[in-house]
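Below is one structure, written out as structure tokens, with a few remarks after it.
By written order: A, B and C. Residues from 1 in each chain.
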Amino acid sequence: MGGGLKRICRLPAIVILGLLVSLSLSLWVESPGGSLALAAPAVGGHLVVAVPVDPDTFDPHKAVAAATEEIEFNIYQGLVSFDQEGRIIPCLAESWEISEDGTTYTFRIREGVLFHNGRRLTAADVVYSLERIKDDATGFPLSWPKRMVEVAAPNENTVRIRLDEPYAPFLSELVDAAVVPPEAAAALATEPVGTGPFRMVEWVNGQHVELERFEEYWEEGVPYLDRVTFRIIPDPATAILNLKAGTVHVIPRLSADVAWDVEATTGLKLLEGPMNVVQLMALNLDRKPLSDKRVRQAINHAVDKDLLIEGAAWGFGAKLGSNMSPVMESFYLDLADFYQYDPKRAKELLAEAGYPNGFDITLSLPSSYDLHVKTGEMVAAMLGEVGIRVRIELVEWGTWLERIYTKRDYDMTIVGLSGKLDPHTVLSRYESSYARNFNNFRNDEYDNLIQEGLRITDFSRRQEIYRRCQEILAEEAAAVFIMDPSDLVAMREGVAGWRYYPKYVDDLRYVYFEK
Amino acid sequence: MAVVWRAKRLTIKGWSSEAEGFRQRARPRRLQRRQLSIWLGGSLLLVICLAAAASWWGLTLEPNAMNIRERLLPPGPGHWLGTDHFGRDIFARIAYGSRIALLVGGGSTLLAATLGASLGAWAGYKGGWWDELIMRLIDGLMAFPGILLAIMLVTVMGPGLGNTMIAIGMANVPVFARITRGVFLTGRNALYVEAAHALGARTWDIIRYHILPNGIGPILVQATVTFATAILTEASLSYLGLGIQPPDASWGRMLKEAQPQMGRALWSVLAPGAAIFITVMALNLMGDAIRDRLDPETR
Amino acid sequence: MVPLQYLWRRLSALVVTLLIASTITFVVFNIIPGDPAMLMLGTEADPEVLANLRRQLGLDLPLHVQYFQWLRGAALGDLGTSIRLGRPVASLILERLPVTASLAVLAMALTIIIGVPAGAYGAARRGRAADYLIAIFTQVGLAIPHFWLGILLILLFSMRWQLLPPGGFVPWGKDPWQAFLSLLLPALALASHRIAQVARITRTSMLDALHKDYIRTGRGKGLPETILLFKHALKNSLIPVVTVAGMQFAGLLAGSIVAEEVFALPGLGRLLLQAIGYRDLPLVQGISLFIAAVVVIINFMTDILYLLLDPRVRYD
């Protein structure tokens, strides 16, 4: 008995502690003058970060694996970047103007920025990079670059981009468009050259990636660290043993399964923040009986999300009610309790829909995602309680992408949709014409709202639109929106300055060793 | 050919977990040891079978019943082997896992023995062109270490109980094919078989009455060995996430799932590992005993 | 020594086996469902870009054309390009090989260093307590799943006593001693089964040798028992041990797939499992074929070694 109870009592304390830690961090961050009682960042040191997966390539225009992006963030930069709230901020572009009709963007390129090879950044490099992204032969995975009908550099410090039609999320897409020097482009896959705060020293496949501080980095005062090593340690328990031994200093995105070990060890600390991921059980709306809204609502009532968070994620997660994480503050609408856990109501709804004795259904789970598998096991048991007999089927990620995501051949599946910086990119996947609308969700009001949001730039109207979209998804029970799993970061005492972002990156600019 | 044959025999034995290729003289002490093997192996196997039966008849707790409030309980009166990360009863899951292990082990061994023996018999009896074709294929298959072949097949067919059984079975076909072929090759040319031929006996009768009886022994010994190896392979596959799928309990998967908690819930990694260990040891001991019994030199 | 004709026959058999193994590899992995192009580009990929990539990778060609292209490349040492990593499969294998090879060699060394003396000692003390103790350890070694043993070793040596690193690999070039330490536990776990096997064979084969005429003669002549045991009996009983040890290598390579997972080692096995998860067919095919080729070649060499070692063997 003891273990379970203790764990439950301890939980709020941890959450509060985590909040306090992140609060104090962000306080410090907002007053860089150092008037707070926190130690001033010390310059120097060699930080070792444990990451679970090997990067695939360092060519920023090809890489899609999140594992690669989290490292690349420190090497490459784009015209614009984002802050901790996900707002777009200047980066290689000092400032920009958007034309009245919303189709022409004019960027003023920052002066005095150097590439890692020592050459000065010019507007021509930006044009080259954007053209490279647009080129089919490069293999950039997303389709938005096709919207740029013209990219030009009227002078050395200006870049002008014309779009075929207004596209509100354009700036947030540009975040991923790294600027690279043409002379280094051929070898980027293994020898990255960017403008970021760190440059690569060595990459030993399967073992580690080593970065060193770029002395000519353009931002004043950062980074603090001399050297950073990303060690590839696939198993979280092994990573923790290394953390305890001091051979690793930080483990970002720690699996909740082993978080207890960090909490139980003195000299280690655990930060908790939102991940900006929507974990959901997608329902194939084209399949019977899921096409019946009452059945979907019944499923929603039958699932105890609080218990799922406790059981599958050891309590580390934020309950969701629609397809948006609370981290998207300005657009988020709290619908977490839209469907109360109510098995009795679920049974009534099933009976109403003509299934008083339940039905048989298959739940497909991507086997390489332990959290989704665990959640799925629990969901299956919960649905069993109201008479829905669930058969679990595990599929490899490759099969999942092809059969479930592309061909939409499934009943139900659990997956995590990684959040984006712009609400349009988050919510447009439920538009009926969207190529990857694997839920088969169709709703006229929803489609119209998404289209409207794309064309207008008025902030408060956009807020209204995307809040209504979330509401529609909840009302229609388009899926079972479960949780935003917490982003847990384990680190040794003495490491400070870690920042959370609504995107999957490890920002090492502000990290330092306390003296 | 004698040289090649000798080397091949070694290959077969080196492959299996039993590499005792060289006989020793009978000694009274050996007999005692054999008795010990039978008793120990037999009783351990009985325990595993009882656990499987208990699970089959529903005498344990429900192996998949979750109770998050009672997760990671240490062993105690309510839960003999404690509970896992979902609060499921580990004893019930171990018992269910023994069903899976025996089923996959037995099923794949049966498949491997039937298919392998048929292929080997065909090759050995027909000889010539057939022999060449089948044995080259078997050689090609043998180039893949057992678990690699099983991984390859499971990847193609997808995980799950049936596919795991088939994949492990297929991976073990070559051993049986070789043994049986050897028996038929020597049997075909043996004097008494030629005599039977001369007397006008039918092919099938010759195989049945004159060749097969000599083959049963080695095949049976190999079968116990394969049974044990198959259980180990299933556990490995499930450990890698390629074998038995949740919510079904399998020892390998239980081990994998328990690993993150091993620092605070030691019992949850000890129990499934010990179950695999005990079962494999029981089968090995039985295999030793059978071999001793069948070996004409020690009888 | 070995007649050329025999060697020739074995060599041609080797080539045929390799060819069949390569065919098996290709056939098996081309029935797999899953679109490698999609895996490369991820969930948001644009259909047009996808089609482009498929063409670029040759995934739109008929199967037999793909097979012959692959086979021709493989024969020349070119195993194609990894879809996910965009680099030559051969160089990826060579990059990971040192880890797996060191693991296998260290495990082999442990097998012989522990297995042979244990077996010989058991034979020498036949029927006494030591013999039984070794027999018990042998049974344990034969039955214990090596991934479980690995977990227990981590639990004891890394977590409780903190004597050895818990996993991960330190490159030899960086710090040879740390590299050795990081491989010690996985090698021990991997070797457990083989140590038991070798101990068993050594014991039986030595008991066998002890009953040979030359030993009896020696005993009759009054030679000390230790000399008889270790000089004469052990030497001759090592012949089968060596050959069996050669065959063990295949098992070691296979076992390392699982051991690398337990100990988080960046070897071939981990590369293979990752490649399977991502449907990186050229990489999966390349690794499978590579392992098969190593096994076939080592078996071949063991056969030859056996012939060289055993003076009694006739060639016909």
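Methods note: a residue touches a chain if its C-beta (ideal position, glycine included) is under 8 Å from a C-beta of that chain, and two chains touch if they have at least 3 such contacts.
These numbers were taken from a predicted model, which means no experiment stands behind them.
S.K.: Most central chain by CA mean?
M.R.: C
S.K.: Count the touching C-beta pairs: is A-B or A-C ahead?
M.R.: Contact tally favours A-C.
S.K.: Whole-Å distance, subunit B centre to subunit C centre, using C-alpha means?
M.R.: Using C-alpha averages as centres, the distance is 21 Å.
S.K.: Just curious, how far off is subunit B from subunit A if you go by their C-alpha centres, in Å?
M.R.: Averaging C-alpha atoms per chain gives centres 46 Å apart.
S.K.: Can you check how far apart subunit A and subunit C are, centre to centre, with Cα atoms defining each centre and the answer in Å?
M.R.: Measuring from centre to centre gives 41 Å for this pair.
S.K.: Which residues belonging to subunit C are in contact with no fewer than two other chains?
M.R.: 159, 276
S.K.: Note the residues in subunit B that touch 2 or more other chains, in rising order.
M.R.: 155, 259, 262-263
S.K.: Two or more other chains touching the same residue: where does that happen in subunit A?
M.R.: In subunit A, residues 368, 396, 399 touch at least two other chains, as defined above.
S.K.: Along subunit B, where are the residues that touch subunit A in the complex?
M.R.: Subunit B reaches subunit A through residues 64-66, 68-74, 85-87, 155, 158-159, 241, 245-247, 259-264.
S.K.: Hey, which residues of subunit C end up touching subunit B in the complex?
M.R.: 6, 13, 16-21, 23-25, 28-29, 31-32, 127, 135, 139-140, 142-145, 147-148, 151-152, 155, 159, 193, 197, 200-201, 204-205, 207-208, 211, 240, 243-244, 246-248, 250-251, 253-255, 257-258, 261, 272-273, 276, 284, 288, 291-293, 295-296, 299, 302-303, 306-307, 313-316
S.K.: State the interface residues of subunit A toward subunit C in the complex, per the touch definition above.
M.R.: The touching residues are 54, 56-57, 59, 62, 64-65, 136-137, 139-143, 146, 189-190, 204-207, 231-235, 238, 241-242, 245, 368, 396-399, 401-403, 405-406, 435-436.
S.K.: Provide the residue numbers of subunit C that touch subunit A in the complex, in ascending order.
M.R.: Contact set of subunit C toward subunit A: 33-36, 38-49, 52-53, 84-87, 92, 95-96, 99, 154, 158-159, 162, 165-169, 171, 263-264, 266, 270-271, 274, 276-279.
S.K.: So in the complex, the part of subunit A that touches subunit B is made up of which residues?
M.R.: My answer: residues 1, 3-5, 7-8, 236-237, 255, 257-258, 260-261, 264, 307, 310-311, 367-368, 373-374, 376-378, 380-381, 392-396, 399.
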